[in-house]
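Both of the next two complexes hold subunit A, though its partner changes from subunit B to subunit C.
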Partner chain A sequence: MTRVTQQTARIVFFISAAASAMAAALVFGFLLVFGFPLIGGGEFFSLLARPWSPGQGLYGFLPMTMGTAAISFLSIVFAFPLSLGTVCFMGGLGPARISRLLDGFVRFMTGIPTVIYGFLGIFLLVPVVRTLFTSAGSGMCILSASLMLSLLVSPTMIIFFKDGFDSVDFRYIRAADALGADSVQRLIYVILPGAWPGIVTGVIMGLGRAMGDTLIALMIAGNAVHVPGSILDSARTLTSHIALVSASDYESLAFKSIFACGLTLYVLNALAVIAVRRLGRKRGQV
Partner chain B sequence: MFERIRTGIIKKTGIAAMSLLAGLAFFLVSAQAGAIDSFNGLSGEIRISGGTAHIPVMKEAARQIMTANSEISISIAGGGSGVGIKQVGEGIVDIGNSGRAPSDAEVEQYGLNLFKWAIDGVGVAVNPGNPVISLTKAQLKDIYSGKITNWKDLGGKDSLITVYTRDESSGTRAVFWKKALDKGDIVSSANFVVSNGAMKTAVANDPNAIGYVSVGHMDASVAGVALDGVFPTIDTVKSGEYTVARGLYSNTKGDPSGLTKLFIEYLLSPEGQQIVVQKGFVPVN
Partner chain C sequence: MNIRILGGCLRVFSWGAVLLLTGSVLVLLGYLLVKGVPSLGRELIFGQVDVLDAVLLRKRVFDGLFPAIAGTLSVVLLSVGLAIPVGVCAGIYMSEFATVLQQRVFGLMFDILAGIPSIVIGLFGFSGAIFIHKYVSNDFRPCLAVSVVALAFLVLPYITRTTQASMQGLSIQTRQAALALGATRVQNIFYVLLPQSFSGILSGIILAIGRCAEDTAVIMLTGVVATAGIPGSLLGSYEALPFYIYYISSQYTDATELMSGYGAAIILLVVCAVLFVLAFIIKRRLAGPAGPVAGEFHG
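Take a look at the complex of A and B:
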């Protein structure tokens, strides 16, 4: 009886694992097939380097690729110290009661829909950015979007960082204590190195969320179609571009070009994951 | 029964015939008393999406109908003219609204029927605090193409102009681009917003903004700018003095039937046209 149950369980779990792996591959295949008219003609690579101006027959998405890169990278730059600081506080530097409260709050934050952040951004953050920096124009810019986005990705990063912290072998911590390390030394020399894999995973997940999010950038980055020159420039991400263009005529070239756009996002995301893993591994060896 | 235009067949030569048809349609519709009574005893759902300029009228019409008959539910979504045309063509919604006449290709592909129930102007809007209240068409084109970048060149204060525009699926954008900018360039640093409502919010909150909204959406939160001396108001749109104007269309796939047909008849009835006037648009009749 238990043998049969085990066998069934194995099959069920294999199917679900295979299905989710297949889904990722299928999405990639789907994008390839639909983007093929552009890729096959060798046009794909010129699209990567061209501006977007459908009126003149230009369907490139260099500005959006730059927009996505700038906004997601900057949001991680803001979110990383914030998240790491929070986790250090929760993982030994702060009082346990407050840490538990903070933990619950962070978990609650992961559930806040992104449109709420976008909405808050329009009414609270954008006017502040506009008044602080006169060259920011409307206040809808990379800075506003990445600040808001860092709020969105921090809870994800905190949860993964905390998992990393919790996975550090307790005996090492005891050993450090026995050697007379204070809480800061314990954190820097024992916990942080041990938690490194969790930190790398957290950054990857955060980056993935930042790159994949559509609404915050759509609502407060301004969506201009030029290559941004500063963090106070209005910019459009690949995701908002897809959202904006998919509303246009299905038969238009503009619409067809967004498959290539999706492919670029997919590849960009994969590259970011690989890059972070590489960086993480090097650090781990030291 | 009502105005039915197939742009693929009736082109410019048919304008006289169309207005005759419209007149006839109005006569017939107005002959039946209380278009809202025709919903009596019916039940079901009407799904509407598309043009964002249409929404105030759609909401009010839906409210009237659903108040009179609680068995009918009407859902209204935005998305822009392109979305409306596409969704009705694919049978996702019953009525797809558009702020431009669907192209011949779209009519052909989806077998659309067009019903024009209002005329709407697209007005240039700035923040109410902006002293610039009048522009020439040439100045407007220079602002949108990025040649004029500071309000001081237009008699305003010394600050950079933030240009706002709409996404490609917007009918408001299509009309503005064609009739106000003469299909001229829009500077690539322009900010994009996704609805008439969002445009109004953006312009109302940004002291250096310039944008364009449906005249029906204009209120005290934004200031309409005169174009070549003509302010965008219902009166100037109606008289034809203000030329940046378009029809508001509701499109159906094939001939409308059932509730969808009644809804369009209601829009074209005196009660429906009253809502059109009340929401700041020019009635077709």
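Take a look at the complex of A and C:
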């Protein structure tokens, strides 16, 4: 009897694990099947670099690719110094008590809903951008979206940076202390050089988070379908393009193109995950 | 000499970064509270309808957030309820039975699943709905059931990972005591390992609830609408708080509607903050700081 229970339990556990793992493949499969008419002809890669003009039968999503690239890179440019400074603060430059509070605050930030950032972006940030830069038009532009996004990705980056800081061998830090290093010297000579895998991981995860976010870009980047020329231009990201699907005609090429967008996002994310796991193995984890 | 200047710069830089980051978040949330708090009240949620009538579903609420709150509540409960059994079982397998190869392959798949942008999960749910519409039933459209399944996909890897991590974190003494007394592996899992890692799993589940409650991208492709009333069936449309916030921000017609958007944003923020604090406390209180509590068991 117990043998049977043992076996059943084990099989149930295995099926759950295998099914959960298959879920990732299932999502990929659905995107592939639905996007197939576009991908089948080997056109997929040329689509990435072709303009969008449904009137002429062109369904390339160059504007969306550029929009995603511009908004997510710019948000990392804003978030990187913020996050690095914050982690240095927690890594010994700031008072310990404030650092602990800050740690809680950063973790709290991970829980702030992105739709709230978007909402406040519309009513607080966009008017400010509109007043400061007259050429920004309505104020809904790449700059607004990436400023808001930088707040979304900072906690992710800070947590991974801090992980990298904490993974530095404690004996090195003790040795530096014993040699009379102060907190700045310890940071510059010991911790920062040892923490680079964590920093790279944090940047990749931050980029992934920025690329994958929908609501902020959808609400405050303006969603215009053209290749952006400056950071004050309106832009549409791959994620917003999917969100704005008008499902009137399931057979149209315009509709199929959103699956190509989805596939692109999926593949970029999978590559980021693999890169991060490689880095983790280098650090002796995973 | 150089290091001193560099150190000074670094100090200023780190203080500046901290002040800028916390300052901008506090300004944003402060603005939300200042603008939105006046709108909070019974009317915001129930409109002109009596509270008891609304909760007992005797009268329909047209001008309040009650249907959106009910929609969010049902979609969250159903999807987390769907994800918990599968996720916890998968986590147990990963921690207790998986071979090294399985840990690698499944682990990679979980990481990929966890990283898929939520709009792509939404697209997956949407295409699933089209598939059923085409091949099974012509009446099938994106609905509550589709959202529930898609959101379950979204939080499954969280639950699996936290289960796995908190079970693997147990000390070797805890792991082997029952086995040494003759318990089977499955008995050991259910009577010792699961109860011991309960707090870790629970805090993971609470974070998953928060993730479901705040997600907008998945549901906007899988059946949420602006007005639907209280969700009545798994195959019907429903309203949800985060979608309401998104919808109002672009479609508001007068100041009252905009104010209800602020109110909805405050409610959603408070729900997420409470869940977050709850998860934090459970992790701290029940698990305790690793050292001393583990010592108590042995002492």
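The working rule: the second predicted complex is superposed on the first by the 231 of 286 C-alpha atoms of A that agree within 3 Å, B and C clash if a C-alpha of one lies under 4 Å from a C-alpha of the other, contacts with A are read in each partner's own complex, and residues count from 1 in each chain.
Here is the rule we use: contacts are C-beta pairs under 8 Å (C-beta built on N, C-alpha and C of every residue); 3 or more make two chains touch, one makes a residue touch a chain.
This is a predicted model, so every value here is computed, not measured.
When the shared chain is aligned, no partner comes close enough to touch A:Thr201: not subunit B, not subunit C. The larger set of touched subunit A residues comes from C, when the choice is between subunit B and subunit C.
Residue contacts after overlaying the shared chain place A:Val245 against subunit B and subunit C alike. In the superposition on chain A, contact of A:Gly139 is made with subunit B only, not with subunit C.
In the superposed model, A:Pro127 makes contact with subunit B only, not with subunit C. Contact with subunit C, but none with subunit B, is seen for A:Leu187 once the two complexes are overlaid on the shared chain.
After overlaying the two complexes on the shared chain, residue contacts for A:Ser257 are found with neither subunit B nor subunit C. Common to the subunit B and subunit C contact sets on subunit A are residues 122, 218, 245, 247, 250.
Here subunit B touches subunit A in the complex through residues 79-80, 82-83, 85-86, 103, 105-106, 109, 159-160, 162, 164, 167-169, 183, 185, 188-194, 201-202, 205-206, 208-209, going by the rule given at the top.
Subunit A meets subunit B in the complex at residues 51-55, 63, 122, 126-127, 130, 134-135, 137-140, 218, 222-226, 233-234, 236, 244-245, 247-251, 254. Interface residues of subunit C, counted against subunit A in their complex, comprise 3, 6-7, 10-11, 13-18, 20-22, 24-25, 28-29, 31-32, 35, 85-87, 89-90, 92-94, 96-98, 102, 105-113, 115-124, 126-128, 130-131, 153, 156-157, 160, 184-186, 189, 207, 210, 213-214, 216-217, 220-221, 242, 245-246, 249-250, 261, 265, 268-269, 272-273, 275-276, 280. Those residues of subunit A that touch subunit C in the shared complex are 2, 5-6, 9-10, 12-27, 30-31, 33-34, 81-86, 88-89, 93-94, 102, 104-105, 107-109, 111-120, 122-124, 151, 154, 182, 184-185, 187-188, 208, 211-215, 218-219, 239, 242-243, 245, 247, 250, 258-259, 262, 265-266, 269-270, 272-274, 276-277, 286.
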